[in-house]
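Listed below are the structures to be examined.
There are two complexes below, and they share chain A, which is joined by chain B in the first and by chain C in the second.
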Partner chain A sequence: MKKYWFVFSLYWQEGLQQRASFFIDRFRSCVTLISFYYLWSALLKNRPSFAGYDYSQMITYVLGMDILRSLVFASRTYEIAGDINHGRLSAYLLKPVNFFVYTFFRDLSEKSINLVSAMMEVIGLTFLFHLKVHWPHDPFTWIWFLAAVGGAIWLNFLLNFMVGCWGFWTAESGGPRFLMELFVEFSAGAFFPLDILSKRLQAALQLLPSPYLVFFPLQIFLEKTTRAQLIDGLLIQLFWMAALSGIVYGVWTRGLSMYGAQGS
Partner chain B sequence: MRQVLKYARIWARLALMSYGVQAASPLSSFGYLAGKLLRVAFFLVFLVAIFRHTRALAGYSLEEAALFFLTFNLVDILAQLFFRGIYGIRGMVREGDFDYFLIQPVNVLYRVSFNTVDFLDVLTVIPVLGVTAYVIEKIPGGLAGHHLLAYALLTLNGLLIAFAIHIAVAALAVLTQEMENTIWIYRDLMTLGRFPAAIYDAPMRGILTFVIPIAVMISFPAQAYLGKLRPIWMWHACFVSAASVALSLWFWEFATRRYTSSSS
Partner chain C sequence: MEAMEPPLIEVRGLSKVFKVDQKRPGLRGALKGLFRREFRDVQAVRDVSFQIQAGELVGFLGPNGAGKTTTLKMLSGLLTPTRGEAKVLGHVPWKRERPFQKQLTMVMGQRSQLWWDLPAWDSFLLNKEIYEIPKPQFEETVHELSTLLEIKDLLEVPVKKLSLGQRMKAELACALLHRPRVLLLDEPTIGLDVVMQKKVRDFILAYNHRWKAAILLTSHNMDDVSELCSRAILINHGRLLFDGSLPQLQARFGHDDLTDAMRRAFAAMEKEEPGLAVP
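Presenting the complex of A and B:
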């Protein structure tokens, strides 16, 4: 495991070296945070609640959304398709490392940098606008929340890894990846709570793994789930993790058997 | 007239070359196009979802709020369609291609701006225009001629400001070769215009009107159509666009005069 923590440390240093890209990414995140803060503030200005959320719950959703976006969606798996298409994957295959674990630790370093930054943004905004955050009343909520966030990180990593593997079949995976990322972000509740949508649309989205990336963990944090809903949600998240692990394994082994190392 | 025809022919030739590049990667292009359309569709779904729980957003109805969002899309997509070449200016300068543009018998700024024409934006703007026409028709008062004229003129005015910002970014890139990310700051700030400027508090509205004129570019056209923009603000919009274009052209001249062709 020591070598993977070394990978984590290397990419952490690299991430901090590319300061311009890092600050642009964080700036983008701040703009999204500010625009949604103002939107929900305007909607809750003269009313006690909106779609079942009071002001502090909605603001907490927006702040939590910023942190979870940084933690769950930060990824460097977009490099996988390039590694395959340009033959760089060969170098990883020859090294005594498991490429899957290597990629996961590379992602973890990206996530941890973004998490620290997102926390600072959220704390800064909280003080700047004197925001009242909704903290969980039950200490056990933190445990369930952290479990759901852990599941979300793993689930999104699997999704991204699978999309990266499309590089085995096509050199044009950039466009489909862009489409998938947008779809997943919206359907995850990374812009707004999904329960403001119509019941039919919510039911359709619940069939996908994406609501378990942002919406479900934040529902736990806001203590808006009953015990039955909490257990159901965690079990469904586990089901998706197991199903996607199987699919990713299949895609990776199938792709690897076709890999011709072109470009290396 | 001959000059206009000459420049139209150059644009057509560059557009054809760009189309060739995009047509060579049909899967990727399809992914990007579908992603762009999905983003617009999802935000419209979000707006509709908001109005399931309220009758007004900062005093605007669903159709009126949608008009602000669609105007943001129109200005953003048209700016990308026409000034896409600016996004690659840093590469042109660093790889020495900029020198070739300087010796061509054509305006350098024109050549750089139209170096790339994104046909995906052509395909994206068509449905956006269609939905905008539909929304405008739904707004009480319908297609009022003078309001429509004010809307079209102020949207064009917004495009002029976008053009000025793109020129300034290009000039910065020529001067420093390191300002590639500046254009993304502009793109991110533009997203603050997705919602009516009325959702923001007075200091923020002031910033968006006088410092970073996002409200002038996006909110003003929609407000003019809805008859909620006083004539003095129309003059302000004209002043901002004239001043920003003049300043950015001066800056462009300043930057190109200091260009030393160090990369060629």
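Presenting the complex of A and C:
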């Protein structure tokens, strides 16, 4: 495992070297956070609650969204298709490393860099606007929340890795990936809580893995889930993890057998 | 009597066919390709067989598209052949087993494993972890390689700031930190000036002598071949054309100059003259 932790530290170093793209990325994140803050503040200005969320819960959802975006969605898996198409994958295949684990640690590094910045943004905004955050009453909530976040990170990694493997079949995986990311973020509840949507749409979305990436963990944090909903949610997360693991294994093995190592 | 050691590289009847998609010319062709793509088979390597012993330095030569790099990729485990067998260091390469990977390296002149934004030293440390090189061995090897290649002062400079020649030397050092017993070098002197080419050649020769490594080298540079290789394997259109020593090559194709001898060999192959098949 030591080699993968070294990969983690090298990507940190590289991230600090590429300061311009890092600051632009964080600036975009700040703008999103502040926009959502103003939007929900305006909507809740003259009413006690909206779609079952009081002001403090909604603000907590918005801040939690920012943190979970950096933990769940921050990723460098978009590089996988390029690695395949341009033959950079060869450098990994020649060495005694597991590319899947390597990619996960590359992602962990990206997530941790983003998490540190997101925490600073959230703390800064909380103090700047004197925001009242909803903290869980039950200490066990933290355990369930962290378990759900861990599941969400793994689930999204599997989804992204699977999409990255499209590179074995096409050099044009950028477009479908962009569309998928947009849809996943929407259906994950990374723009707004999913329970403001119609019941029918919510029921349809619940069949997908995406609501378990942001919406479900934040529902746990806000203590809006019953015990049964909590257990169901965690089991569904586990089901998707198992299913996607199988698909990723199949796609990777099949793709690798077709790999032409072009460009290398 | 001393038993003969098995060859480090053993190839028998290796063939590779690629499926290549075809695009018809023009906008019309592009639109048609959007809905129906046509593929054709391209035979990159045909029935290639050879053996390489420990300590041998062999030139693997041929024009562009001859099948050299494809063969190297199969031997390194990057590609699975369509037919045939290969054993490298006693392993089937495309199974990519850890003990095999730990004893092999492949350097591609136009590819880099060094981290662009970071000093080469960081890439060295990463390889130390990946290949699980003990610290004393790592320090000794880095000292030895960086002295031979004259890159001691460059190890802490970000790779993007190095010249092409400096980068190639750092690349070679990085690829050899784990002291591989088999080296597959794909055009290691490409793009380098004559002075740098000479330094890289001297280094490859020194490594070969020091570690008795089996080295298979592709190059279009005849100085690489004449200075380094005791044996040459010629390949064209994926088919083996000649396998023997350099004097044999020159004797067979009747010319004092190595480049001319090779040119004549390939021309003969094009005409499909009889008697050119490898015995």
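Operating definition for what follows: the second predicted complex is superposed on the first by the 264 of 264 C-alpha atoms of A that agree within 3 Å, B and C clash if a C-alpha of one lies under 4 Å from a C-alpha of the other, contacts with A are read in each partner's own complex, and residues count from 1 in each chain.
Simple rule for what comes next: a contact is a pair of C-beta atoms (placed from the backbone, for glycine too) under 8 Å apart; a residue touches a chain by one contact, two chains touch by 3 or more.
Not measured: the values here are computed from a predicted model.
Peer 1: Sticking to the clash and touch definitions up top, decide whether chain B and chain C on chain A clash or fit.
Peer 2: Taken together on chain A, chain C would fit alongside chain B, as the superposition shows.
Peer 1: For the superposed three-chain arrangement, provide the angle chain B-chain A-chain C between C-alpha centres, rounded in steps of 10 degrees.
Peer 2: Computed angle, apex chain A: 90 degrees.
Peer 1: Specify the partner with more touching residues on chain A, choosing between chain B and chain C.
Peer 2: Higher number of touched chain A residues: B.
Peer 1: Based on the superposed arrangement, let me know which partner A:260 touches: chain B (first), chain C (second), both, or neither?
Peer 2: Only chain C is touched by A:260; chain B is not.
Peer 1: Would you sort A:236 into first (chain B), second (chain C), both or neither based on which partner it touches?
Peer 2: A:236 contacts neither chain B nor chain C.
Peer 1: Using the superposition on chain A described above, determine whether A:10 touches chain B (first), chain C (second), both, or neither.
Peer 2: A:10 sits against chain C, while chain B stays out of touch.
Peer 1: Based on the superposed arrangement, let me know which partner A:20 touches: chain B (first), chain C (second), both, or neither?
Peer 2: Touch partner of A:20: chain B, not chain C.
Peer 1: Which partner does A:93 reach: the first (chain B), the second (chain C), both, or neither?
Peer 2: In the superposed model, A:93 contacts chain C only, not chain B.
Peer 1: Touching A:119, do we find chain B (first), chain C (second), both, or neither?
Peer 2: Touch status of A:119: no partner.
Peer 1: Could you tell me if A:186 is touching chain B, chain C, both of them or neither one (first, second, both, neither)?
Peer 2: first
Peer 1: Minimum Cα separation, chain B versus chain C, post-superposition (Å)?
Peer 2: 7
Peer 1: Residues of chain A touching chain C in their complex?
Peer 2: Touch list, chain A to chain C: 2-3, 6-7, 10, 13-14, 17-18, 87-88, 90-91, 93-97, 257, 259-261, 264.
Peer 1: Can you name the residues of chain A that touch chain B in the complex?
Peer 2: Touch list, chain A to chain B: 20-21, 24, 27-28, 31-32, 34-35, 38-39, 41-43, 47, 50-51, 170-179, 181-183, 186, 191-192, 196-198, 201.
Peer 1: Would you tell me which residues of chain C are touching chain A in their complex?
Peer 2: 18, 73, 76-80, 96, 98, 101-102, 104-106, 108, 111, 113, 115, 117-118, 122, 125-127, 129-132, 158
Peer 1: Show me the residue ranges of chain B that touch chain A in the complex, using the header's touch definition.
Peer 2: For this pair, the touching residues of chain B are 25-35, 38-39, 42, 45-46, 49-50, 52-54, 57-58, 178, 181, 184-185, 188-189, 191-192, 194-195, 198-201, 204.
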